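Quick notes on the structure that follows.
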């Protein structure tokens, strides 16, 4: 039963990546004109010789599936093609920016997980006014778009209180941390709200559950009731929502990078998209999708390991 | 009144719960006495307040509940217990078996974990000793392969087995009083017999007192010494189980008896009670049963009857039956 | 019985009058913005795109209640005029994804079996593709503009709506009253239209209301990134981006006001959604 | 009138109903008694057509009703006239009174919808028919105008019975229809059902675990265990002189005066339980 669940989830991962890559590659052919014009990098009037070369390099004249398999094969080997806008290999472009994104996403993810779960748990356990306050604040946090938060933070900390640098990504660990604090906070806020709300609901539900009533009726000390029954049982849903939170941070990282000009894969993709540099957009979207899907799958598998009923339900 | 107080005395207990923001009476007046080692059944339909009364014994009421009257365990008021005393009281002197073991046993933890928790966390028994002890009790309640069962999770066990686990957990605490809240309602009849037999044997072996909450008068009469009938939040009758059929004085008790179709008598007429059972907060000024009572008179609608003793039993009725029941359709 | 009673006592006291007042206020804010989206262009005090090079970054004044932007355009007029563009795109996203999602959910729930497994599997795949990334990808193919991102977001929102409605529809479909109707010989279309859909309606409405806030947020983000609405449109996300460079120059009003407009609408839709959910679905606090 | 032959249902490897054969005469009343997992509810659902049989035959007045072939069944799904005709053969009342009615539909409207599906009546005759049906189950105008949530469990079950009777079925299946009700309400519904059978001649197929109810409402009974019929006969005979050990065990488990609960299951059998 367990094994079957793992296999089902893993095959879903593979299918998702395959279908997504097909969509990413196929999107190029939706353009009304020659897909090759999307690969020369925005010039309105491309040189026919260059176009012909692109057709050859990207196997655009071969049957669709062949071209796709060729592209996917190359991607799997780390060859994402060339960007004519940046005059560089796409892999090289990605390589120099990946570290920035990784740092930002990790920073934001840590903030989301720690703050979100702690706030949610405390709210549920304390109840009363704390809970009302947290519910209101988190609902607010979820409504603030990352880019609006970015603007507010820049205005507050660059214009009013110059505590944090607001542009660039800094040197060294401390410098990076300092430079990434505002972007990470802006990026994290929405997801803190989300993680906190789901955590609160999960802990609340366990607090009201019948098995907790049983534990109390047996005279189990309250701290043990909370730890062994409330928090332990809520950890499944909390873990699941943490995964969603991390995935969400990754999916919206582009906005924060663009707003703060920190540079990274997200802003690379957006620049490339506005210049219609398809090779870069395809490569970065593929990377994002793979990371996103791997995180979702990991979370599902870990939840199933924690609570065998999840696996049983999922395998049916 | 004797010098030594009874094991449990519930005296004029009333419970108000906040409904729609304002306190409403769910239990008006519950009176129950359980001597050491005795078995008492608390019988009623939905809304009668029987489950809430049982929870009040453990001091296990929802937030916002208001209590009047008193629940005393061996002379000590439960409401007056300090938190630490209440915890020890729950851990060692009373134990509760709930109706739905699947919801009342933590589904994420193993059965063994549930069983030993009551010992290791509440009185510092070492884990190995606790395991040894609950293994023995599991055997006693008819679970032979205790080691395997203790490794399993609750969802791997059938409802009947899980209820035995719940009973084993209650027995492991070595309580003096067992509270059983409809422990067999969710089970098949054959499993019900098994579970009731297990409870009866355990009582016998340990001299355990029992408060048995049920909607089934026949079952209550078969396994208990005395019967307390509740209706709409009040105790309406209290009598020895053996006298139930002939000497039940309250019209509700008699109506309940005759509305249950008998398996064993052909042609017995089934008498239904008109209307539906009320909840405590819906009760009119007079007698709660007045709307459905075949013997209702004007006085019943204006004046709530107080319990009055007659011989070995007590009934709260202005016009109780005094002749032995012939027409009830359930000959002894 | 007892647990049902407890649930009632636990949840009721918290849902009192004040919360309904909040919902009502949220509904008023939503109504106001819908009105502005419809009639806004008729109400603006100034032409939203009229530049005034002599009066850039002006503070609030009698003529310009909220001041002007970096080109001297009246901010209040731009915010009002931008309501339509800012609300229309998410409205389309939600209309498409909700309609399609409800239909898919009903079909999957009703027929079950392989059809249900296929729909759920396909939605899992779509769910693996973040909406924003999808929108950027199509924007790269079709060039900047709102059409492509709206299509992408409609698809990306599909799994969110469908999952919720599907699990509710499965529960509903398995209720005995549906079996009773089938046994009476009621045509399937009648069961769907007269019973299932009206019963799922409140849930769909709540989902659509809450979803609208997030769709607005995503559309604005895409415009902020430069891939959606194009200058000189007064779309709010774009206004936030336009105003960003002026912040360091000490003129944050364009970004702030546009950001606050977005915030206000999203919060209003969220509160309205949760309020409706409490009223219509009687859910947890 | 109803004949069931060699009925069988498999869920994967699990055989839920195995070779079930019985018949229900016109105006008859038959109880299928069993505990959870006995296959009694699955049998009822197959007879009603809510579940496809894996094998066997269901005949109403000699006509095949629930064909074993899935494809054939799906074709029938499309013909609404056929479905209504089947609705006039068999109706069913379900266990849970809370979800047996559409929560947004007023009780009177639910009954009216059922009547209208089977009879084309002008508005006033329709109204009269609905009033007649509701009166038959003991519901008044105020309850007819109410939403299900304003009614008690017993009243909802009455409404569900009225809706089923709207089709004027030859057979009414009651799937644990009183099990979820309070004891005093159970008696009301049982009396109502006996009364309906006497007045309309509707045959009753009573699915239950409650032997007391069986004695009161049925002429014949069959006892099912693990998907199989283990005993079949007139109620009085079976209850007075059960032949099969399982039937004896079932009867012995019912509390009565002087009853002492005993453990009959040996530990080895308990170890084989899930």
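A, B, C and D are the chain letters, set down in written order, and residue numbers restart from 1 in every chain.
Criterion: a contact is a pair of C-beta atoms (placed from the backbone, for glycine too) under 8 Å apart; a residue touches a chain by one contact, two chains touch by 3 or more.
According to UniProt, the chain labels map to these proteins: B, D = ABC transporter ATP-binding protein; C = ABC transporter permease.
Fair warning: this is a prediction, and the values are worked out from it, not measured in the lab.
Participant: More C-beta pairs touching across which pair, C-D or B-D?
Facilitator: B-D
Participant: Name the chain with the Cα centroid closest to the overall protein Cα centroid.
Facilitator: C
Participant: Can you give the whole-Å distance between the Cα centres of subunit C (ABC transporter permease) and subunit D?
Facilitator: The computed centroid separation for subunit C (ABC transporter permease) versus subunit D comes out at 47 Å.
Participant: Measuring from the mean C-alpha position of subunit B to the mean C-alpha position of subunit D, what distance in angstrom results?
Facilitator: Those two chain centres are 32 Å apart.
Participant: Taking each chain's centre as the mean of its CA atoms, how far is subunit A from subunit C (ABC transporter permease) in angstrom?
Facilitator: Chain centroid spacing, subunit A to subunit C (ABC transporter permease), equals 21 Å.
Participant: Could you tell me the distance, in whole angstrom, between the mean C-alpha positions of subunit A and subunit B?
Facilitator: That pair's centroid distance is 54 Å.
Participant: So which stretches of subunit C (ABC transporter permease) touch two or more other chains?
Facilitator: Answer for subunit C (ABC transporter permease), listing residues that touch two or more other chains: 6, 10.
Participant: Multi-chain contacts in subunit B: which residues touch at least two other chains?
Facilitator: Subunit B, residues with two or more chain partners: 46.
Participant: Per the contact definition, I'd like the list of subunit D residues that touch subunit B in the complex.
Facilitator: Its residues touching subunit B are 35-36, 152-155, 182-188, 190-191, 209-216, 236, 239, 249-265, 267-268, 270-271, 273-274.
Participant: Give every residue of subunit D touching subunit C (ABC transporter permease) within the complex, in rising order.
Facilitator: 48-50, 77, 80, 83-87, 90-92, 94-96, 99-105, 113-114, 117-118, 160, 163-164, 166-167
Participant: In the complex, go through subunit A and note every residue touching subunit B.
Facilitator: Its residues touching subunit B are 209-211, 213-221, 224, 228-229, 232-233, 236, 306-309, 312.
Participant: Applying the document's contact rule, which stretches of subunit B touch subunit A when the two form their complex?
Facilitator: 58, 60, 86-92, 95-96, 98, 100, 103-109, 117-118, 121-122, 153, 155, 169, 173
Participant: Would you pull the subunit A residues touching subunit C (ABC transporter permease) in the complex into a rising list?
Facilitator: 12, 15-17, 19-20, 23-24, 27-28, 30-31, 38, 139-140, 142-148, 151-152, 154-155, 158-159, 201, 204, 208, 210, 247, 250-252, 254-255, 258-259, 269-270, 272-274, 276-278, 281-282, 285, 288-289, 292-293, 296
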